[in-house]
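What follows is subunit A paired twice: with subunit B in the first complex and subunit C in the second.
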Partner chain A sequence: MSHLGPGKASTSVNGKDQILPAIGGPGGGGGSSSSSGGALRYPSNGKTIYHRPLNRSKTSELSQASFAYLFSEMVSYAQRRVTGIQELEKRLNLQGHPIGLKLLDLLLIREPPRSQTRPLNIITLLHFIKINLWMHLFGRQADRLEKSSDAATPDEYMIIDNEPLVNAYISVPKEMSQLNCAAFVAGIIEGVCDGAVFPARVTAHSVGGKEEGEMWPGKTVFLVKFQPEVLEREALIGKG
Partner chain B sequence: MSYYFAIIGTQDNPLFEYEFGTSKQGGDGQPRFTEQARHLNQFILHSSLDIVEEVQWTNGQLYLKVLDKFFNNYISCFMTGSGAKFLLLHQPTAGPGSGGSAAAASGLGGASSSISASASASSSSSSSRNSTSIGANPTSPQTEEAIKNFFAEVYENYTKAIMSPFYKVNMEIRSPVFRQRVAAAGRKYL
Partner chain C sequence: MTIFALIIINKAGGLIYHRTFHEGGLQKISTNDYLVLAGTFHGVHAITARLNPLGNHNTNRLSSSSSAGIRPDPPSGLEVLESENFRMQCFTTMTGIKFLLFSDTTQTNVDIIMRRVYEMYTDYVMKNPFYQLEMPVRCDLFDRKLLSYIREMNSR
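Up next, the complex of A and B:
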């Protein structure tokens, strides 16, 4: 990306004919606005995204039925043109990733100013995910947080949800028993981790339903595997 | 007193920039950077990114206060949760109006001695008033509070900007409404 000249009209980064939201408009930077692309269009009620408050957590609950409907469409959309379950999960993961990136800032700004801090180590980040992110998405905390007990994989952490909301109305056929559609949620978690500069791979695994009469047949483990540089930095910060 | 504000993305890429002047003490809100200083500002601002990267892991606060100083240029930083940096370059003025920036530019090789001479002539009359202003002392609690409020307001609008489903990480922010909001925050606090 070229550097923006001082006060000049901003150079287009992504090409001129990209579809912009009504608020985006052509870049009118520093006085001289670009002439291409037509006039800026505002929504009919005159309210752009900037006129809306960020703190509307009270009335922000959505209908689970409509979510389930949309989510089933997302899964079948992802299912098109894929050859295997892994690829399908990858696509679901990619759908969730940008949501995580955006939620990180939204959730931070909704915190009371006193506790508005960036997560600096793995534990605070995972607590942020377990508590804040889960509360925002599902209205409750995640059920458990675990560190891998295997000494060979100190970079693996597990977030456990006994009953993922996204899987409530999903029945996986026998031949696809490896599939867990909570890969979408794994993508959101991965987005949060990446956004907070803790690059990680997050995958969703079903662990319930192995035994008869089990309490949580839909139990899902989100396996968070951090990149080696995260652990390296963690060790350095811990020393300092 | 002039300000240069920039938002830097996670790949050290500029997302947004804006120049403005103080609106306090009868300022007209216009930046008084010389043409040369404006180019230099970008260098000074970006060179502080190294320090930001060090400090960001020792201090979990979003607002990192004044991080860097280059002659008379002070850099304040605010780091968002998702790794974007808000950087504000401010030049405290010894005298009113353009005196400070012109003097700084001449110190860096600019030839604007006539301007700085006239400014310094008038500075003696109002220097006592300026010593309590936001601009006069960049590390005073009042200044830090004012900049903090400015950053907080920009952060709110930045969060709204990235909430747009069409916005991807590290995309340039081109919304004129966002620019207006930043300008309004600058007028209100600085």
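Up next, the complex of A and C:
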């Protein structure tokens, strides 16, 4: 907003929209395309992406090719000035996190009014991710949902995708074999968990190419590790 | 009907990919020889592109200048080379990358196979963030998809 002149910003202070002064405020009538020569330009009728109905793009689809090129550039971008694979995965995770935070709200508001509440326990949250989030992002459900069988780690859950869409065209070179670019999707999941107040760490692991993985070479496990306080709360709710 | 081998040459004449699908169809040569072969073919292809029986670019442009300035296709150079034992098809992309497909002489639909190979190249090589342009192709997915496609073609 700094590019707007002080005079313009002050006109909207008495108005309602203090957050988006350029949209609601200055021009008043129709032709209010920003003439201040700034980087942001608004359409002449003042309608921005925020004015569009939330449900309009519900069923629309995007080209997979354009996503593949975009994602490829995102990976290349994250790869710059990183020292190791872990740092690269961390960056991809960070790129996905805000998407997850926003998608939680969007997907909940698109639910029928009766079930618009946010998930209140771990299982409903994970089902929400497996079904609603996956349907919205990839057009199908995740393949499996598992709880860690190890008694030492009751806080770990696994969401399994046999062939993640983001990895459809990506072959990871041998020297980076631990890398899985689905760390981006892990970031989205983490965002959803954090947004629903179930703080967790989510990581993506490739398991294809091993024993039963032959059929799905790109098989990926998203390991969701909840913070201890989440389990503590879960236990209290269970008692109550 | 058998596909023997595929070679991909970058626009500078360097070999970036070679794979044999069928043993015995072609003589086995070393990787070094493949590099020489790619370089040589690149030169020959450049020469054949200039050997255009329809005359050079200038006359083409003059004759077509009246017809709404439609630019004629640039001469494509060598496209097919056939011998007693094999047939070689060359496909040059808009960006100057050459795909050479070696098959036996009875192979049909080479154009379609070439198209499909090019499609796989654009999908699994060009959309891969770890591939550097003009460098040798080392993409697992490309290998896997190509092999299964050619195997299916060869077993028909």
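Here, the second predicted complex is superposed on the first by the 190 of 240 C-alpha atoms of A that agree within 3 Å, B and C clash if a C-alpha of one lies under 4 Å from a C-alpha of the other, contacts with A are read in each partner's own complex, and residues count from 1 in each chain.
FYI, a contact is a pair of C-beta atoms (placed from the backbone, for glycine too) under 8 Å apart; a residue touches a chain by one contact, two chains touch by 3 or more.
Quantities reported herein were computed from a predicted structural model and do not represent experimental measurements.
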Check the residue A:Ala65 against both partner chains and state whether it touches subunit B (first), subunit C (second), both, or neither. second
Which chain, subunit B or subunit C, is in touch with more residues of subunit A? B
Quick one: is A:Leu94 in contact with subunit B, with subunit C, with both, or with neither? Answer first, second, both or neither. neither
So, A:Ile131: does it touch subunit B (first), subunit C (second), both, or neither? neither
Between subunit B (first) and subunit C (second), which does A:Ile109 come into contact with in this model arrangement: first, second, both, or neither? first
Based on the superposed arrangement, let me know which partner A:Arg118 touches: subunit B (first), subunit C (second), both, or neither? first
Partner chain(s) touched by A:Glu73 [first = subunit B, second = subunit C, both, neither]: second
Of all residues in subunit A, which touch subunit C in the complex? 65, 68-69, 71-73, 75-76, 79, 169-173, 176, 181, 217
Interface residues, subunit B side, partner subunit A - complex: 10, 13-14, 17-19, 38-39, 41-42, 56-58, 60-62, 79-83, 152, 155-166, 168-169, 171-172, 174-179, 181
Residues of subunit A touching subunit B in the complex: 1, 3-4, 6-7, 10, 13-14, 19-21, 23-30, 33, 40, 48-50, 52, 54, 98, 101-102, 104-109, 113, 116-120, 124, 195-197, 233, 237, 240
Residues of subunit C touching subunit A in the complex: 123-124, 127-130, 138-142, 144
